[in-house]
Amino acid sequence: MESSPIPFEEDPERNANETKADALIVQLDGYEGPIDLLLTMARDQKVDLRQISILALANQYLAFVEKVRSLKIELAADYLVMAAWLAYLKSKLLLPSIPSGDVEEELTGEALAEALAFQLERLEAMQKVAKELFARPRLGQNRLPVGMAGFAGQAPVRIEWQANLYDILDAYGAITRRANPAKYEIKTWPLMNMDEATMRLANMIGHMPQNQWNELWKALDAFMPNEDDATLNTKSALASTLTAALEMAKQERINIQQDGLFAPIYIRIRDSKQEAANDA
Amino acid sequence: MTPETDDLRDLRTLEAALFASREPLNVDKLHAFVPHLDGVAVHATLARIRQDYDGRGIQLEETETGWAFRTAPDLAENLATLRVEERKLSRAAMETLAVIAYHQPLTRVEIEGVRGVATSKGTIDMLLETGWIKPGRRRETPGRPLTWVTTPAFLDHFGLESIVDLPGLDDLKAAGLLDRRPAVAVTADLFDEDGEADAAGSTEDQEETEAA
Amino acid sequence: MTPETDDLRDLRTLEAALFASREPLNVDKLHAFVPHLDGVAVHATLARIRQDYDGRGIQLEETETGWAFRTAPDLAENLATLRVEERKLSRAAMETLAVIAYHQPLTRVEIEGVRGVATSKGTIDMLLETGWIKPGRRRETPGRPLTWVTTPAFLDHFGLESIVDLPGLDDLKAAGLLDRRPAVAVTADLFDEDGEADAAGSTEDQEETEAA
């Protein structure tokens, strides 16, 4: 393997910041939400959480969200809400507060920053004690209870009914579930499948004016649904539309052309009559 | 504690293993806990433990199936109340108890209405035996049917201060108890024919059929 | 065996009772086995048993729930094959349990406030199933929301004598981190009237504790 003759192009070296952000992105699933992510970033500042710079933290978070969006990775809504809130907090911290009596009860940037710092500190404390708690010698793990409480030879004399609160709640939940059967909906992803793309493309081509249009090459992008915000859908639509186009080219209904790697893809309606004439 | 010798640690290990095991342990099984000892040493250690417990409330006994701790025979009478057999409530009884807890006071017909299935007499009897339910007032309707309510022993057993502290439907929903693991429940209903307690359908069906 | 004194028989009876009970036995229950003794004598006898087992493979543990024999923690490795297989809790569930333990009693909304994230379905559900949490009293505020508290089984499982023995509890309290109000409310107090915030927090805690 080491003497492989095929030269691979090395990826450009990544700078440290990028790698860190990438690591966070990779782990995004592991976070309990934006606050949890913020806490991880705060720990990276390597200072006592009481002395943390909320402004630096806000900047780091906003840069992270920017990076994620540039990679077209979908972020859950609460991460975006947090980003908006931090941007607001940042502006409040940077702008001098207007000492006006009219603005009643509105919290200063410092007060909001303080609240966020407290939130992080409290969460940090809870995560720490959760670890400590589960590191204790636990019953059934490090401390074992009596296994069988043997008696000297007599049969049991009393029945003890076993049921706990969870059993009751679970049983009541079961009745309620039976009475109101849940409607299960299979979660549908906003994807465009092949059939859809084929119908769509055929439809659009069919509606293109005949004659002079036939000679025009049109970019494949023009056949894409116009939904910029749904990244996933756009990507699947691109893939499906291209596949549909290839299929239609195979059926000799259109021509496809691409001038180079990653260059735009063009398609043109194939005029069967004219081609027949040419052949003749 | 003084720094323990290897001997003492072996003794403590066997003692703890005998205590925590769910079945008597024969010498082979005991050996697995102290693999560095030979058979003679295992026996010697067991003999020492047995001697240590001589005259105490617990004794180490050797039976056909292996070694096990037992309470001393002469204490049997004093310990009679501890000689219990643990039994699980059937699914039908569990559901009936839950309905009574949430909707009390209510009659048997009303219980059936909430559960959506007939309730056998055996189910109510079983619950009466637990001491967790009792008859309440008769309903002032034709036939004057008996209602059922939970007892203070119910609150005590389930660690509730009062019946209003039972989580409401909103709480159950938030906890995920109203719509959890649907696929598992469905397949258990369909495929479990042994009548396991947790297969919601099967035991209940059996019982209700008997009642019908 | 030499003719036993009454003292020795009491000790043996309590020892056997503790061995034969699956659940920890509180002093009331233990008293029932030796009704001729007074409370002080029961305690003295228990203390003697505990001492007798000092340094052995089994130890007598005391928690709020009661007294129980358990294998010595330092033997855990040797007894690995006897461990109970347990369902692994998610990080969210472990964190939620810690929040409940340190801030109890608190409502689901307050749990979410402390953790900064909505409680996913299945978290409370799973903790209920472990038997470590239960509903406490409803909060006397609009909507009468349910609170959650830890159970005696929680203490038993984590080897805590009582809730005040939770690791780091005093430090967290001193640092003002055991305030279950929203962060903004906590820090607003600090801004408005420095110093008084702590007092406000603790009276609230007291109130809740009394209520529980």
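We just call them A, B and C in the order they show up, numbering each chain from 1.
What we mean here is this: a contact is a pair of C-beta atoms (placed from the backbone, for glycine too) under 8 Å apart; a residue touches a chain by one contact, two chains touch by 3 or more.
As the structure is a prediction and not an experimental result, all values here were calculated from the model.
Distance from the centre of chain B peaks at A, each centre being the average of the chain's Cα atoms. Here the chain at the heart of the structure, going by C-alpha means, is C. Rounded to whole angstrom units, the spacing between the C-alpha centres of chain A and chain C is 39. Separating the centre of chain A from that of chain B, both taken as means of CA atoms, is a distance of 44 Å.
Chain C has its Cα centroid 21 Å from the Cα centroid of chain B. Touching two or more other chains at once are residues 19-22, 69, 71-72, 79, 82, 128, 134-135 of chain C. Shared contact sites, meaning residues of chain A that touch two or more other chains, fall at 144-147, 149-151, 164-165, 169-170.
For chain C in complex with chain B, the touching residues are 1-2, 4, 8, 11-17, 19-22, 32-33, 54-58, 69, 71-72, 75, 78-79, 81-82, 108, 119-125, 128, 134-138, 146, 151-152. For chain A in complex with chain B, the touching residues are 144-165, 167-179, 182, 184. Touching chain A in their complex are the following residues of chain C: 19-22, 61, 68-73, 76, 79, 82-84, 86, 91-92, 94-95, 97-99, 101-102, 114-118, 128-129, 131, 134-135, 156-160, 166-168, 172, 175, 177, 179, 183-184, 186-188, 190-191. Partner chain C is touched in their complex by these residues of chain A: 32-36, 78, 107, 111-112, 114-116, 118-119, 121-123, 125-134, 136-147, 149-151, 164-166, 169-170.
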